[in-house]
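Going in written order, the chains are labelled A, B, C and D, and every chain counts its residues from 1.
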Amino acid sequence: GIHTQVGVMAKSKFEYVKQFETDDPCLQNCWIVVRIDGKAFHKFTDVHHYMKPNDERGLGLMTRAAQTVMADFSEVVLAYGQSDEFSFVFHKNCKLYNRRASKIMTNVVSLFASSFTLYWPRYFNTQELQYPPAFDARVVLYPSDDNLRDYLSWRQADCHINNLYNTCFWKLVQEKGLTPAQSQERLKGTLSSDKNELLYSQFNINYNNLPELYRKGTVLIRPRDAEAQSERETNNYRGYSASKKSERKPGSVVLHSDIIGKKFWEEHPYILNPKLYGS
Amino acid sequence: GIHTQVGVMAKSKFEYVKQFETDDPCLQNCWIVVRIDGKAFHKFTDVHHYMKPNDERGLGLMTRAAQTVMADFSEVVLAYGQSDEFSFVFHKNCKLYNRRASKIMTNVVSLFASSFTLYWPRYFNTQELQYPPAFDARVVLYPSDDNLRDYLSWRQADCHINNLYNTCFWKLVQEKGLTPAQSQERLKGTLSSDKNELLYSQFNINYNNLPELYRKGTVLIRPRDAEAQSERETNNYRGYSASKKSERKPGSVVLHSDIIGKKFWEEHPYILNPKLYGS
Amino acid sequence: GIHTQVGVMAKSKFEYVKQFETDDPCLQNCWIVVRIDGKAFHKFTDVHHYMKPNDERGLGLMTRAAQTVMADFSEVVLAYGQSDEFSFVFHKNCKLYNRRASKIMTNVVSLFASSFTLYWPRYFNTQELQYPPAFDARVVLYPSDDNLRDYLSWRQADCHINNLYNTCFWKLVQEKGLTPAQSQERLKGTLSSDKNELLYSQFNINYNNLPELYRKGTVLIRPRDAEAQSERETNNYRGYSASKKSERKPGSVVLHSDIIGKKFWEEHPYILNPKLYGS
Amino acid sequence: GIHTQVGVMAKSKFEYVKQFETDDPCLQNCWIVVRIDGKAFHKFTDVHHYMKPNDERGLGLMTRAAQTVMADFSEVVLAYGQSDEFSFVFHKNCKLYNRRASKIMTNVVSLFASSFTLYWPRYFNTQELQYPPAFDARVVLYPSDDNLRDYLSWRQADCHINNLYNTCFWKLVQEKGLTPAQSQERLKGTLSSDKNELLYSQFNINYNNLPELYRKGTVLIRPRDAEAQSERETNNYRGYSASKKSERKPGSVVLHSDIIGKKFWEEHPYILNPKLYGS
């Protein structure tokens, strides 16, 4: 019958095409960062009536999707998000999918996208999702702890700069009636100090008192790492060792801490400690 | 204030980390295939009570998600799906995202995943999605038309082989009361012809009469390409040329044709014709 | 003893570093071009008193080194050289070193460099090589025959353009006593036709009568391919087939033909014929 | 004339082929190791009557070629060689050729090969080089100092293991008259201690007294690094800082030290010090 034509025999004739597939392993002993970014979220936030400059529902949904990723991928030691982006840090010795970059980033980004879609109603209630959102993702490798911390600092500094600008921009539009073009013109060339001053003098806003969620973005870490400090005090380090790896708790804790300074890292030494990941 | 510490100045200090990002452009003049695959769909289909061996709702949802991808990415000339996988063929001269592999595959797979999730209720009605599904994706390059056709043949032959096996396997389980292990044992070492015979003699099923959706999988092409033959006959080719590129219609037509043989490609010469894609 | 410290046991402790090595296979079914380029040959040719604009000894030596490469790597179907560069074309189905790019290019470039050095005295007699020359190399993949031919045309067009310019430049310097700067100024903005006219009117030189070696560069092909035309006429194609692969002769034939036009490729159809390379 | 056909205009028509070239930058902030290996040196050493198990002329020539590489590439901080291989360590912040792997490894390997050939007569006198030697090369990245040191330890442990084996093997062949096959059989399954014992009891050789060149291989470092310890003692560290970078001396010092233990690295702290390379 016809099936012999497309049966096992035929299939084996075509299987040479598998040789065209290539592996893309990440260099060993480097931090693997997967950063996802919303595709055309300017339009997406307009269509879905996001509050400007920050929409708590939207940020909450992003965090919820990121937590789903952390729950599924135990190799993630920290995630950092702001605006329509999220970065996931896989530890240096991570063996997930033999460190194949494509496999890692596509699994992460598709899980993030489907979570974002599935949990949409929990954050936006009756306001319906108009179309399925897309995200891009990339893998970036950082050889040293300093490089990784500088990467995270770069994203958090970006959060601050954009939020300060956007806060001013939207205040001028929403409360002073400027058009977007006028608002942009007004802010052109201003320094951070000018913008702080503008908020204070014109709108009686002390920027430092705005929610940390907006100013610092969102940091997700593992429960154990979050509890580390107190645990340390209690246990005086006794009994805490790599052998406790199996106690690593699933799930994640939501923080809006500064991660540029030393304090955060001193309080959570477990995050970057390679001993805890089988190095 | 503290903000000068995390302001533009600070950010520029961290921006060197951007140098760690690398590009991954696809070789020019090659067909770009993005194949997505469901992650752990064995469990996913069990949890969601998929009919075995084929669930029309599940296959319909996969196709719906693939059509969303085709609607968004006009560079896709054909998509082929079966089971929990879908392959998207981007034409050789595609300039999308400067042919960056990561950018292409992550956008495709995340849009697919969010579409799958968003349109779930349209196919599964009141049966709820229990958790967000993930998909992996890979990019494979094929230099020649023959390589590309052999790739698609490989996937369609795989569809046939698996479907013939699964049809037998589930009949034995569902109608003869065999355990999965017994059913597997019964089929071990059988040829295609043995399985056809088994279906006919034991279950009075002529495999060839089963739905093409199951036996051939799903082929998505552009409306213009679908209409090409009749158009050709009508117009006798007059007026049909590369200059009509702009008429390429969005959306996609669903077929369950054989794409291993010549016939399909002779009837739809536009699909592989590089002249139509600005080569 | 101390040796147990650096013995097999110790070695195995260090062997994990092998995991940091990565493969870089060339995409299947693409032409593999290795192009080598002299490093700082402007200085090298000055130090070694090369004749300008063309030094027959230097060009002869480049060709000799390229022939050594062709003799060692039977997968090379054609090489093209001009000035201080040479391109080696490996056929599409070449399996050499599992198509690993690094392995291929470093073997080729090091053999080229040591040949250039070893055979130096045969071309420069008593004039000694002052220091060891270096070359860089790169691998470029071309999916189609047209792409490959366009690549070779690009290099030969480059040869022509540079040679026409250099011929004018050095005539003005050597025979009219212009300084290099004056000569450069004189030629600025001139068209090919202007330069031809300059050579004819000022130096009574018909550019077309200059040696093809200078105007066309050097093409190396296999003896069989060189003899193909006459063989074809004699045999009227009988008996000539892929089964004669084993008769492929080692060594290479030196030509200075035009490879931009069709004629060369029609006369040597064997060069691009995939049937001859086990496809 | 015909030249308009192959002139600037034509060239520009072909120049699209340049788009097929890709960059292969090494990840930032990683040690770049280029390891070269002789191609088919088993045959090469037979043809050229190398003394077994070690030929001082051959090892000297390898070192001479490596020194040429170090003289030309100031970014190399250390080189290690044994048998027919040499590894060159480029410092982490090296910007050479924008860290393009192909460019770095092909320049290194071709310079090594031409040096080997040019300086051959200085080591082998009237015994002529029979044919041009080839070497392959690869680039390997190491993110941490520990990884780099483990890499070098791996190579030096390999040197020791092979030399101990080869010393036994050739003694049995040269002094006991065993055939190579018999000698191999005699050594099968022996431990390091067995081989040490064999040398001592049968040939009255204390392995530890053999030349370090054979047992440890060859380490090349910069003169400054070699003088560092005494300088340090003299200067008591005063005045020694990154600002003295410009004093880094060209050339290289030949050592046969153990580089597996700490001592070497403590005595030459400058080698791995990133401050000295503009980090």
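FYI, a contact is a pair of C-beta atoms (placed from the backbone, for glycine too) under 8 Å apart; a residue touches a chain by one contact, two chains touch by 3 or more.
Owing to the predicted nature of the structure, the values given are computational and were not obtained by experimental measurement.
Colleague: Please work out which of A-D and A-B is bridged by more C-beta pairs in contact, and write that pair.
Modeller: Answer by contact count: A-B.
Colleague: Are the interface residues of chain A and chain C largely the same numbers on each copy, more than half shared, or largely different?
Modeller: Same, since most residue numbers here occur in both copies.
Colleague: Specify the chain most distant from chain A by Cα centroid.
Modeller: C
Colleague: Between chain A and chain C, what distance separates the C-alpha centroids? Give it in angstrom.
Modeller: 49
Colleague: Report, in whole Å, the distance between the mean C-alpha point of chain A and the mean C-alpha point of chain D.
Modeller: A distance of 43 Å separates the two centres.
Colleague: Taking the mean of the C-alpha atoms as each chain's centre, how many Å separate chain A from chain B?
Modeller: Centre separation, chain A to chain B: 29 Å.
Colleague: What parts of chain D, by residue number, touch at least two of the other chains?
Modeller: Residues 20, 27-29, 141-142, 147.
Colleague: Give every residue of chain A touching chain C within the complex, in rising order.
Modeller: By the definition above, chain A touches chain C via 19-20, 22-23, 25, 27-29.
Colleague: Under the definition above, what is the set of chain D residues touching chain C in their complex?
Modeller: On the chain D side, the touching residues are 1-8, 10-11, 13-18, 20-21, 24, 36, 39, 68, 72, 101-103, 105-107, 109-119, 129, 131-142, 147, 150-151, 153-154, 156-158, 160-161, 164, 191-193, 196, 207-208, 258, 260.
Colleague: Write out the stretch or stretches of chain A touching chain D in their complex.
Modeller: On the chain A side, the touching residues are 27-30, 141-144, 147.
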